[in-house]
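Right, I'll just put the structure down here and ask away after.
We just call them A, B, C and D in the order they show up, numbering each chain from 1.
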Amino acid sequence: MSKTAVYQVEVTFGDCDPTGLVMAHNFSRWMDAASHNFFIQCGVPAFRELERTRGIAGHPLLGIHTKYFQPATDGDHLDIHTNIIEWREKVFIHKHVVMRGGEVLCESTETRAFVIRPLESPDRIKAIPVPEDIKALCS
Amino acid sequence: MSKTAVYQVEVTFGDCDPTGLVMAHNFSRWMDAASHNFFIQCGVPAFRELERTRGIAGHPLLGIHTKYFQPATDGDHLDIHTNIIEWREKVFIHKHVVMRGGEVLCESTETRAFVIRPLESPDRIKAIPVPEDIKALCS
Amino acid sequence: MSKTAVYQVEVTFGDCDPTGLVMAHNFSRWMDAASHNFFIQCGVPAFRELERTRGIAGHPLLGIHTKYFQPATDGDHLDIHTNIIEWREKVFIHKHVVMRGGEVLCESTETRAFVIRPLESPDRIKAIPVPEDIKALCS
Amino acid sequence: MSKTAVYQVEVTFGDCDPTGLVMAHNFSRWMDAASHNFFIQCGVPAFRELERTRGIAGHPLLGIHTKYFQPATDGDHLDIHTNIIEWREKVFIHKHVVMRGGEVLCESTETRAFVIRPLESPDRIKAIPVPEDIKALCS
């Protein structure tokens, strides 16, 4: 398990499609922001700092499973509750729960890995074992 | 089962994040476009036409499960192969396979429903049984 | 002139392109959100309410002029200061100033109009004279 | 003056806001893609290649002036005609004309510069004089 961070989103007109409801890819975008926020709240430096000091360039998605229960619309205030429900050797499992007040709008579980850019091919990425210090900061 | 449609994407610089690779939410966005393209290719009118004539306002996501196998980057030409692998009474299951040449980059299965806006609350949506004529056009 | 509203943005990793800096279209997106926030702060209802009660569906852009002075990056806290610098009969001129602390990152002037959907062609929009009550609320 | 390239966009449901019309920031996004396409069509390598070989990391916007004449909607086929109308020492002026068939929907003029990341501060960017060989390829 891990700490939990809450990331706030205020839905705006332009987040909504012709039905007047939030487009699903905006939830993906917000959960990605919620993941970055989670690590910052836990004391992990941002990736542009991590890349400079340790070569860790990001933590891309390997898989995501999302269930949508209720739609969101313009003006809604959302709270995304993010934690890590499992650490494996090279990946970790994020859980995001998107709430509007006491109501759960959607839930995701994500599989992510920390990656470096190998020296021999700097335009590729390669997963590394989860760094122990990052795991400790988040626990 | 259903017909299959192919939706083409040319990845651009602005689709990529600081790692130089495509951000995951862009895959969500493209799969949504691939879904709309699928129905158009099958002969189903666009939703702004369907809403005017039959009240069907969209086909929002109820769930999505995506696996990412390989990253994409600026300049890649992607083909998204989209079909419907299952029809249920009120929902259907989409499959999207994102290819770069012969290589599978990612795969999604999506659960979606056709929705109307109930007369009594036009800013809500409500799932309807899958219309038989739409199912026939896609088969 | 008008009241001024401040809209806050916390830049995240996914707002940045392969240079590590915010993509320009995200500033457009945030200024649009800042405009909606401005009217809400002034006491004007959201458009989904305005459309139901008065038929006013939105306030699309007719023109925009933006100057970028300094780039923004992941983790930056931005304040967008928004007001209306001129009211004409059918359009108004927005000014947005995007600040990071005391530094101006970019500035836009936008021309916008309030629009309705004409009964005879509900998938078109048509500019209306600026409603006096909205003007009064913003002044 | 310069060569002209045409970039094609097929508008999808998710590009449109609750009015059913394309959100302005999508035009910004497409014009950015049209700019990258312009250079590729002229024979200039993509930036991830240019950065590796010559340190040129991108060509960010310094300013943009856009006029919107007609809205676009789901299903529209757009052609963005892009050229360079002026070369200065350190910047160049792009012109984009967005057409739907024979109709001009919007027009932009953009000021952009090619940038490097200075060795002493790799998370900053710095404009360089327009490279003569890039100018020649585009003329």
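The working rule: contacts are C-beta pairs under 8 Å (C-beta built on N, C-alpha and C of every residue); 3 or more make two chains touch, one makes a residue touch a chain.
In this text, all values refer to a predicted model and were calculated from it rather than measured experimentally.
Chemist: Is the C-beta contact count larger for A-C or for A-D?
Modeler: Greater number of contacting C-beta pairs: A-C.
Chemist: Just how far, in Å, is the C-alpha centre of chain D from the one of chain C?
Modeler: Taking the average C-alpha coordinate of chain C and of chain D, the gap between them is 23 Å.
Chemist: Using mean C-alpha positions as chain centres, tell me how far chain A is from chain D in Å, no decimals.
Modeler: 30
Chemist: Determine the centre-to-centre distance between chain A and chain C, using the mean Cα coordinates as centres, and give it in whole Å.
Modeler: 28
Chemist: So which bits of chain D are touching at least two other chains?
Modeler: 13-14, 17-20, 23, 25, 29, 32, 47-48, 58, 73-74, 123
Chemist: Drawing the touching chains as a network, do you get a line, a ring, a star, a complete graph or other?
Modeler: complete
Chemist: Hey, which residues of chain B end up touching chain C in the complex?
Modeler: Those in contact with chain C are residues 13-14, 16-20, 23, 25, 48, 52, 74, 122-123.
Chemist: What part of chain A is in contact with chain B in the complex they form?
Modeler: Contact set of chain A toward chain B: 17-21, 23-26, 28-29, 32, 47-48, 57-58, 60-68, 71, 73, 115, 117, 123, 125.
Chemist: Touching residues of chain A toward chain C in the complex: what are they?
Modeler: 10, 12-14, 20, 29, 32-33, 36-37, 40, 46-48, 58, 73-75
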